[in-house]
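Dropping the structures in below, format is structure tokens.
Here come two complexes built around subunit A, the first alongside subunit B, the second alongside subunit C.
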Partner chain A sequence: MNNAQLIAVLASIVLQASPLIIAVCGEILTERSGVVNLSLDGTMLMAAMTGFVVGMLTNNVWAGFAVGALVGAIFASIVAFGSIRLNQSQVAIGFVLTLLGDDLSAFLGQNYTRMKGVTVPHYGIPILKDIPVIGPIFFNQDIVVYFAMFLIVGTWWWLNKTQPGLKLRGSGERPTAAFARGVDVNRLRYVYTILGGALVGIAGAAYSLDVKIGWSDGHIRGMGWIALAIVIFGGWSPIRGAFGALLFGATKALATILQRAFPEVSVVAFNSIPWLLMILVLLAVGSDYTERGIKAMPKSWQQPLRRVLRVSPPMALGTPFKEG
Partner chain B sequence: MLDFFVKYPRLSRLVDLALPLLATLAALGVGAIMLQLLGANPVDAYGALLNGAFGSQNALADTIVRATPLLLVALGICIAFRGGVINIGGEGQLVAGAILGTLVGLTFPEAPGYIVIPVALVAGFIGGAIWGGIPGVLKAYYNVNEILSTIMLNIIAVQGMNYLLRQPMIDPAQAQLASRIPQTARLVQAFDLPRLVPTRLHLGALIAVILAFVVYIYLWRTTSGYRIRAVGLNPDASSYAGINVKRNIVLALLLSGAFAGLAGAIQVYGVHHRMFTDGSLAGFTGSAGFNGIVVALFGKLNPLGAIPASFIFGALIVGANSLQRAMQVPAALITALNGLVVVFVVASDYFSRRLARSRQIGVEANVEPSPPASMPPALSVEGDMSSD
Partner chain C sequence: MTEAQTSDRSWLIRLWPLVPIVAALIVTSALLMLFDASPAVAYRAMWDGAFGGQDKFLSVLAFWVPLLLASAGLVVTFTAGLWNIGIEGQIILGAIGASWVALNVTGPAWVLIPLEIGAAMLGGALWAALSAVLKTRGKVNEIFSGLALNNLAIILTNYLISGPWQPPEGGSFRGTTPFQSAALLPRLFESRFSPLSLILAFAAVIAVYYVLRGTTWGLKLKALGKNPYSAYLLGVSSERETILAMMFCGALAGLGGAVRVLSWFDSLRQSISGGIGFLALLVVMLAAYRILWVPIIALFFSIVLNGSITLQLKTQLHSALGGILTGLMVLFVLLFGSAKQLGIGGKPGTAAGVPDVMPDELPAGEIPPELMASSYPEVDVEAIHE
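Coming up: the complex of A and B.
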């Protein structure tokens, strides 16, 4: 493989990972506020379908994205209302919505399968795209990729460097303490669940309008689960999450390349690589042996290593909060 | 309205019991509007649905046959969710059990059925237990989130199934043909699960119902079951009380997978008599691994509640198929209808909890209403330590 081919592969990995990154950032916002939106798979299918259809009917890509975001927000508000107001199990609601989104997208979208619709235009950023190697990989893409990049930085900054971000983390870590400090925990959870859902919807539309263009039954089934996995894999941090999404895309690309190189080995072996790898990484990250290994390191290395290698969920994740 | 129920607590309990049914009816009402919009007469449509599900001996048998794997998976889900772990891996566990079960039948075609069938069912149980035990160990000893690992094991299971059915386990007859349909040879007829009545109804349904009672007794009348529930309600307190939390997490997921695996083996020996794949998990499982979760929630995570719940869902699936044939409505409407029922039932739970609270106020008129009974932290689904 020559350099040009390698760069093309890397650029496609970045493109493929972008919707995942958008969804992961959305779900991180939701989960850091203390709510699990398990409905990602169904939400993304619904958003992909509606986004594609509306984009095609109005002949406007942005209308497609707007509707995708709206659908995502609606699904998320059901999760929020059910779990915050009705005090229902978040897992149950999310799971049921997953099934419903899958079915409903198949039902409502059945007349629009395998049609040609609108797509996101390609837009290379001037000057930046001419940087050797990095340019063609990151800056000769389209707006979905740039939006994903913006989200990584934006979400990280919002969470870690701003006052509202502190409140957001507070309501996910210690809601009672945050409440005592005057944070309206449940309202915050509403806001971030719905905002996160809208981003997940945009991610779904990004598939049908850009990365995996078109609509067919069960178009991107499974990607929502992958996004949920990457959120945990990334330790609820947007930067690590983006890294996880890219790693996932890279192992998938690698599997395809290896499969071409070794046609005699079963496809199954290569298809399973990304999943096995993810389980192994999670295993390493969560294992007590890693902690022991870190302890064996010099003192000054321990803290940074721990930050990279260990993950722990927001403490109040999935637990309803009652005022007073 | 709630004041009314405070005066008549008995009536309120009755409403409580009927609530899932009322919710189903409400969902069917919404479905009627959708049918009307599609230009189909809702009355005729639901007539076809009821007729398809209960109209004849054969229809009823089909309903029960469809309900059987749902019930078995739901039993496992009851154990897992009561133990505070979330098992989304029913699909993969079902397939793992089916593969191991099928292997038994394929390896010993000469052996008598009364030996092979029990061995195969046990093999299915073990296959599912392995596939469920892996996320259990990962969760308990390596802090790997079980939602995540069960999803990934689903995907690995489908890859493994596709490989096995295309290469080593493929029907020798298919291996000769160019088409190479990925399926195993049909198992020897002697291994078919006995039929209960001259319909498609097989012994598996009876096994599932018996096991529902067994699981109920296990969870509420044995020490081991008590430990699982205690860990689900409060792992810290359980640990303080000397319960080995890690071991019980593994046990809950392992048993949960085992029941899904048994469902897989029963599907092979009772219904399909072979293993086959269309490339996805749902092709073989019919999504029973996922729908079983819904059934368990519908039955309020009570093994006995899962019996009627699985029956209702089996009826919906079978009846909806004949609705589709009779009325020529799109197949996707049917799945959407199922989804609606689930949403309504889950929503009805809220009302039933308010009823419960109003009862409490009625009984202890001057006492502050106590908070709702504690539930497994991850799952605030209705239920407390005593099931009744």
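Coming up: the complex of A and C.
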């Protein structure tokens, strides 16, 4: 493989990872506020379908994204309303919405499968795109990629460097303490669940309008679950999450290359990679064996290793908050 | 609130459980009209698809059996506070286990069928145990391990169908060669329905009822599901019970998978489960995790799903409509199934005699154990012995 090919592969990994990064950042905002929106897979399917159809009918790709965001926000607001106002299980509502989104997208999108629609225009950023190596990989891409990059930095900055971000983390870590400090915990949870859902919707539309263009039944089934797993792998941090999404994209690209190189190996081996990877990375960041392995290392290595390998969820994740 | 007002409202409370069901029907009708289809015609087609003839109704029964088996198993895992989303994969592994026997062993039916059922239950139980051990030893949430294992099971099926178990005439990627007739469950009137499988499913339902009502193990599972921390204080081993509950469910799901290959089909097919595992999760949620409601709701789901297949054949409308109708019902029951929850009908207790559609608390399985340890809930022994 020559350099130009390598750069092309790396650029495609960045493009493939971008919708995942958007969804991961959205879900991180939601989960850091204390709510689990498990409906990602169904939400993204619905957003991908509606985004594609509206984009095609209006001949306007941005209208597609707007509708995708709206659909994502609606799904998320059902999760928020059900869990915050009605005190129902977030997992139950999220799971039902996952199945419902899948079926709804199949039914409502039945007349729009395998059609040609609008796509996100390619836009190389002047000057930056001419930087050797980095330019073609990161800055000679589509708007979706730049939006994902903006979100990584933006979400990280919002969470860690701003006052509202502190309140957001407070309501996910210690809601009672945050409430005592005057934070309206449940209102914040509504806001970030719906905002996160809108981003997940944009991610779904980014697939059907840019990365995996078009619509067919179950078009991007499974990607929502992968995004949810990446949130855990990424330790609820946007930067680690983005790294996880890129790693996932890289593994897939590698599998494609290997598949071409070794056609005699069954396609099964390559198809199973994402799911094996999902189990393995969750095992790596969660299991007690990792901790034991770290303890066996020299003292000075332990802390850095722990920081890389271990993650812990927001302390109040998934638990309802009652005022007073 | 006075007595008179309470009784004025009691009819509303009594009828309230119908509200989510009617709402789901209205929304589904609206979707149909969006596609210029008359809801009356569509529901009629679905009705005919389920009841329009002996063969149709036998299909409903044949679809009902594996759904019932999977749902009965899920009542056990839900009781233990586990979200066994991996049930789909457990059904598939059961189907693979039964197919392995059917393809590799020859003999009379009375030898083959018990062997197939045994292999199927073992396959499902082991696949479930994998999920359970990943949870107890690896701290991997059972939702994610289950989901990954579902996909791996589908990939494994595709591999078997296109590889080692490929029919001699070539890889069609659709299924294995039909099994020897001795390997199949005896079926009624050349339909897909095997009465024997229904007997097994009812035995499973009774077994689950008995386990949860009359055994110490059932009590331990309830303790684990209601409050892992107090269960721990009472000496319940969460690892042991988690693994056993998952394997129990996996075995029943595996049996369901055997029914799919040995009576619904006659070979291992690409989409052997047909989403029955996920559907079973909905059934159990709608049944509010109570085993006695499971058979009737599972039958209803089977009617809707079979009906929607006929709907697609007759009207060209996508069969996902059945999934939408059942999904909406569960969603609406979760959201406003209980009148009390919405503050209609005043304080709880005014709705005397009317069972809540949903229990007050759902399984606490989604709460990570670290949280349970940090909040130190009080030991509620009475809740456990409920």
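The rule we apply is simple: the second predicted complex is superposed on the first by the 304 of 324 C-alpha atoms of A that agree within 3 Å, B and C clash if a C-alpha of one lies under 4 Å from a C-alpha of the other, contacts with A are read in each partner's own complex, and residues count from 1 in each chain.
FYI, a contact is a pair of C-beta atoms (placed from the backbone, for glycine too) under 8 Å apart; a residue touches a chain by one contact, two chains touch by 3 or more.
Here the structure is a predicted model, which means the values were calculated and not measured.
Peer 1: Does the subunit A-based superposition show subunit B and subunit C clashing or fitting?
Peer 2: Taken together on subunit A, subunit C would clash with subunit B, as the superposition shows.
Peer 1: Would you sort A:Phe81 into first (subunit B), second (subunit C), both or neither based on which partner it touches?
Peer 2: A:Phe81: touches subunit C, not subunit B.
Peer 1: So in the superposed three-chain picture, is A:Leu128 touching just subunit B, just subunit C, both, or none of them (first/second/both/neither)?
Peer 2: neither
Peer 1: For A:Leu99, using the defined touch cut-off, is the partner it touches subunit B, subunit C, both, or neither? Pick first, second, both or neither.
Peer 2: In the superposed model, A:Leu99 contacts both subunit B and subunit C.
Peer 1: Applying the document's definition of touch, where does A:Val153 land relative to subunit B and subunit C: first, second, both, or neither?
Peer 2: After superposing on A, A:Val153 lies clear of both subunit B and subunit C.
Peer 1: Going by the contact rule set out at the top, does A:Pro320 touch subunit B (first), subunit C (second), both, or neither?
Peer 2: In the superposition, A:Pro320 contacts subunit B only.
Peer 1: Let me check the overlay on chain A: which residues of subunit A are in contact with subunit B and also with subunit C?
Peer 2: 38, 82, 86-89, 91-93, 95-97, 99-100, 102-104, 106-108, 110, 222, 225, 228-229, 232, 266, 268, 271-272, 275-276, 278-279, 282-283, 286-288, 313, 318-319
Peer 1: Can you list the residues on subunit A that touch subunit B in the complex?
Peer 2: Going by the criterion above, the answer is residues 38, 82, 86-89, 91-93, 95-97, 99-100, 102-104, 106-108, 110, 217, 222, 225, 228-229, 232-233, 266-268, 271-272, 275-276, 278-279, 282-283, 286-288, 313, 318-320.
Peer 1: Show me the residue ranges of subunit C that touch subunit A in the complex, using the header's touch definition.
Peer 2: 31, 34, 83, 85, 134, 137-141, 143-145, 147-149, 151-152, 155-156, 158-159, 163, 278, 281-282, 285, 317-318, 320-321, 323-324, 327-328, 330-331, 334-336, 341-342, 358, 362-363, 365-368, 370-371, 374
Peer 1: Give every residue of subunit B touching subunit A within the complex, in rising order.
Peer 2: These residues of subunit B touch subunit A: 86, 88, 138, 141-145, 147-149, 151-152, 155-156, 159-160, 162-163, 167, 290-291, 293-294, 297, 330, 332-333, 335-336, 338-340, 342-343, 346-347, 349-350, 353, 372, 377-381.
Peer 1: Looking at the complex, which residues from subunit A come into contact with subunit C?
Peer 2: My answer: residues 36, 38, 78, 81-82, 86-93, 95-97, 99-100, 102-104, 106-108, 110, 222, 225, 228-229, 232, 266, 268, 271-272, 274-276, 278-279, 282-283, 286-289, 312-313, 315-319.
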